[in-house]
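Paired with chain B in one complex and with chain C in the other, chain A is shared by the two complexes that follow.
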Partner chain A sequence: MADDREIERQIWEGKVPIVFNLAQSEVTGDEPPEPYYLLAPRCSYLPLVTTKVKKHFQSTGTDTEDEMWFDYAGQALKWHYPIGVLFDFYGSPSQLPWSVTVHFQGFPEDEVLRCPDKETVETHMIATIKEADYLKNGSTKKLLAMLKKDQKQLWMGLKTFKFDQFWSVNKRLTQRDETDPFKNVPFRIYVPDQPVLQEPFPPFRQDGSEYTLGDLLATVLPELFPAERVSPFLVAFNAAAAEARAAEGGAPEDVPVAPPSSLGKQVELPQIVLHGISPAFETPLLWLGEHCCYPDNFLHICILPSELTA
Partner chain B sequence: MADDDADFPSSTTNAGPAAAGATSSSSSSSAAAAAAANPNAAAGADDDNAGAAPSAPSPWTLRKPPTKDKVIVQFRAAGNAPLMRQKKFKITASEKFQTVIEFLRKQLKFKPTDPLFLYINQAFSPAPDEIVRNLYQCFEIKGQLDIQYATTPAWG
Partner chain C sequence: MTQPAPRPGSVYLVKRSVSVRAAGCSRSSSESIQAAETQDQAQPVSPANPGLEAPIEDIPDMDDVYTEEASDPGELRGSSNLTSDSASFDSWHTYEYHVVYHKTYTVPVLYFNASTLEGKRLTVDQVWNDMHNLHKDSIDVSRSSFLSQAEHPVLGKPFFFLHPCQTCDMMVALFGPRLAAHCSPDQPLFDYLLAFLSIVAPIVRLNLPLQYHAAQSKLVS
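Entry: the complex of A and B
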């Protein structure tokens, strides 16, 4: 398979400019402390890049006794989501730098997990890679086959944010193996006001061709992404299935040719954002999974209202 | 436009086709407020079913039928963790995994400080905010979600 390393490198180098301001209610002096500016890697996690943010506010006399946490426009930010996902879902490329509020009080226990140290991030990252490995292979054999030092290299590669260190090991987890293809492409889809979507979804169709991003979206979010707009394959598949049942004399009423949709053709489809860009519906899902996954080996896809309806 | 984008997660929303058609900002933001008031389990189940599984079974053979509202979870002790008399429970699918952890702690009469580690399929620990439905759909075996628990890290 073609080596698309350059794609992985470009994604790795993606950064979000963030300005951190102390929450108004936690300002102790007459004036709020200076904001802190940071270019944060999209593929990293907040606790890995905000040590200096804490030091900055500490130096201004802020009470930093309790754990630091962040919100954007009143929305608490989960540190265990990659920074790029948080920005794509909550932020806006038209408003930069991204203005994040820093808190040291009132930790939102119900919304955000505690993260006392960087080892907590390591535990989370390795656990998520294992979950992805299990989806891909039906077990965690790929990760278990890895030497402890290689697992450590994955973590150190992310912690110190060194591309070669991380991807030289990670490619063994993400690259396709012709003799033992992946069972599923691990993904998480974020839709406003809905729980995160995560389902098993295979990379290959029955005829051996590859499923596309459009096929995935028309399957898991048929009301937002009608098959007739995004998945020629699914339309053909459904039509063939309906025909086959009709030929068998089966009841046609339980075979909707296309999933019901209240979205007319003139309505803009929602935006799909992955690493800050909108991938085409025709993109093969497996290719996305191999090259556009985050370091935790999941594809994190944000679905946002179309620009016209926003 | 820019302002709308910035406000989007907390106020004007477009969760689904119903909201997409709404032009009155007051009606859509009150719906959002209602959802925000009840952000956890109860709202989750309704949203998910309404969004993804509207009616008749899909001819799409890939997709498993929409998960029931409750799923069966089977707990197994690992290492020298205390055994449970009853091992199988029905758990609301829209709950977070955190609920499972708290439930198990209660069953075992563990103090909040007692160490407890949970694993799925002897392989990995989900994050506490993962949705039980997702875990079930991805990792169930023979119609149930197998969860191992231990008092020391086992498959970490």
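Entry: the complex of A and C
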């Protein structure tokens, strides 16, 4: 267990090197201002770590009347996703530092939430933790029972990015009671050109064994992750269900047969990226939920085109 | 994470646009009530529109335009400080409302956006100013735990929404033991939605006339 706690610390300490450049169209002088380099915590949010970025560009005479926002290669970055998710989804570990463009004009209201102050981030984070609490416990009692002081500590721990301060409170939300296990594992899955995937998904099968990451992906993204490739359990489960129906006298043609996957065995499966690494399909979902969540208590899993086709 | 199309499983229940005049005492509302659903939703929202995606045709009897006078100009106070250069349009705000099924809390959620007639999106402060004081006074949580901006779960765009974590309690209080029946796939859901809307809609200036409720009840029965 001590080792597992070490995982939480390592995830917390993950960082992304970012270089911030002012958008070409917003350069006022003859020369663009110097870029600003930052080692940003993966688990934090852009508005929490870019105060100095704003000051830097202000000091170079840039007009910073409007709210600051960022893009990467023309893609506006949503501040309410953790920095690690933004990098895993849009960036590439082969191109470091991550080159992010800074804007102080033309805020993309149709894509990015307004973030006038850090309290907005606090509201967002607490609301997301509350949602995770609801998924895990079927109510938001754990968070609501928490003293205002502790909620504040949770937020301050993230804002000032102090592991001990944050986790001394957060462990109460993530701890699993043996007699009262998680009802669902909170996750959000990011797939290019799709809305964010999120739904209740339990950690245990009916027989008490644990669902794996492969089971989850084969369930929510069957076209991308065919069960026969990632979820031996689902294949066996479906076969057993079909057999049971046949035994009950159902005509065999009524049994839905999974169409042969259009993805042949040779085709690479999409990449799964969580905190910059690719977890194995056999990883128990509950273990991921207990140890690999972002501070908002959700697993944020990015699905990317396979390396071969990318 | 770009602009996605609605996918199966993300359920759109109701969509509607309304213009309100924020600083004056009259309001006109050009209605276009649309119901839509995605393919794996068991119950059609409107029997006239089964199994379709995206906004579709108007519900019969509800495509007329109506105008009404607010009885008490005072109830709109607090919103006259909305500023704009254009004197004739500065006080008009356009609201667009969506009811979306929330997969975590398993309840409907009212998402909405508001903009000036020039297309400038309102801030959360401006939306708050547009709300009736009656409702603001009765909220026993902080403003940010009641109303805030979030990503629309289907469109992926910023929308305002009323927080859903107490909706279930509210509906149970309203329906009591009957709630289970209203949630069953064999039962029409629309009177559940009407009850939900009858409580949350007035908070954000979505005034559904009585005829709307009557027409929907008829469709259900």
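By our rule, the second predicted complex is superposed on the first by the 297 of 310 C-alpha atoms of A that agree within 3 Å, B and C clash if a C-alpha of one lies under 4 Å from a C-alpha of the other, contacts with A are read in each partner's own complex, and residues count from 1 in each chain.
As a working rule, a contact is a pair of C-beta atoms (placed from the backbone, for glycine too) under 8 Å apart; a residue touches a chain by one contact, two chains touch by 3 or more.
Predicted, not measured: the structure shown is a model, and the values here were computed from it.
Enquirer: Based on the superposed arrangement around chain A, label chain B with chain C as either clash or fit.
Expert: clash
Enquirer: Tell me which of chain B and chain C touches more residues of chain A.
Expert: B
Enquirer: Is A:145 in contact with chain B, with chain C, with both, or with neither (first, second, both, neither)?
Expert: A:145 sits against neither chain B nor chain C.
Enquirer: Report for A:109: first if it touches chain B alone, second if chain C alone, otherwise both or neither.
Expert: Second partner only.
Enquirer: Quick one: is A:195 in contact with chain B, with chain C, with both, or with neither? Answer first, second, both or neither.
Expert: Both partners, chain B and chain C.
Enquirer: In the overlay, answer first, second, both or neither for which of chain B and chain C A:267 touches.
Expert: first
Enquirer: Does chain B (first) or chain C (second) touch A:134, or do both, or does neither?
Expert: After superposing on A, A:134 lies in contact with both chain B and chain C.
Enquirer: Given the touch rule stated above, what does A:221 touch, chain B (first), chain C (second), both, or neither?
Expert: first
Enquirer: Taking the superposition as given, does A:123 touch the first partner, chain B, the second, chain C, both, or neither?
Expert: Touch status of A:123: both partners.
Enquirer: Which chain A residues contact chain B in one complex and chain C in the other?
Expert: Residues 75, 78, 80, 89, 110, 113, 123-124, 127, 130-131, 134-135, 140, 192-196, 198-200, which sit in both footprints.
Enquirer: Using the touch rule from the top, collect the residues of chain C that touch chain A in their complex.
Expert: Chain C residues touching chain A: 1-2, 4, 6-7, 9-10, 103-105, 121, 123-124, 144-145, 148-151, 153-158, 163, 165.
Enquirer: For the complex, give me every residue of chain A touching chain B.
Expert: 73-75, 78, 80, 89-90, 92, 94-95, 110, 113, 123-124, 126-128, 130-131, 133-135, 139-140, 184, 191-202, 219-224, 234, 237-238, 241-242, 245, 253-256, 259-263, 267, 270, 304-307, 309-310
Enquirer: Which residues of chain A touch chain C once you look at their complex with the stated criterion?
Expert: Spelled out, the residues of chain A in touch with chain C are 75, 78, 80, 89, 109-114, 116, 119, 123-124, 127, 130-131, 134-135, 140, 190, 192-196, 198-200.
Enquirer: Under the definition above, what is the set of chain B residues touching chain A in their complex?
Expert: So the residues of chain B touching chain A come out as 1-2, 4-10, 12-18, 20-21, 32, 35, 40, 44, 47-48, 51-52, 54-64, 94, 120-121, 123-131, 133-134, 137-139, 156.
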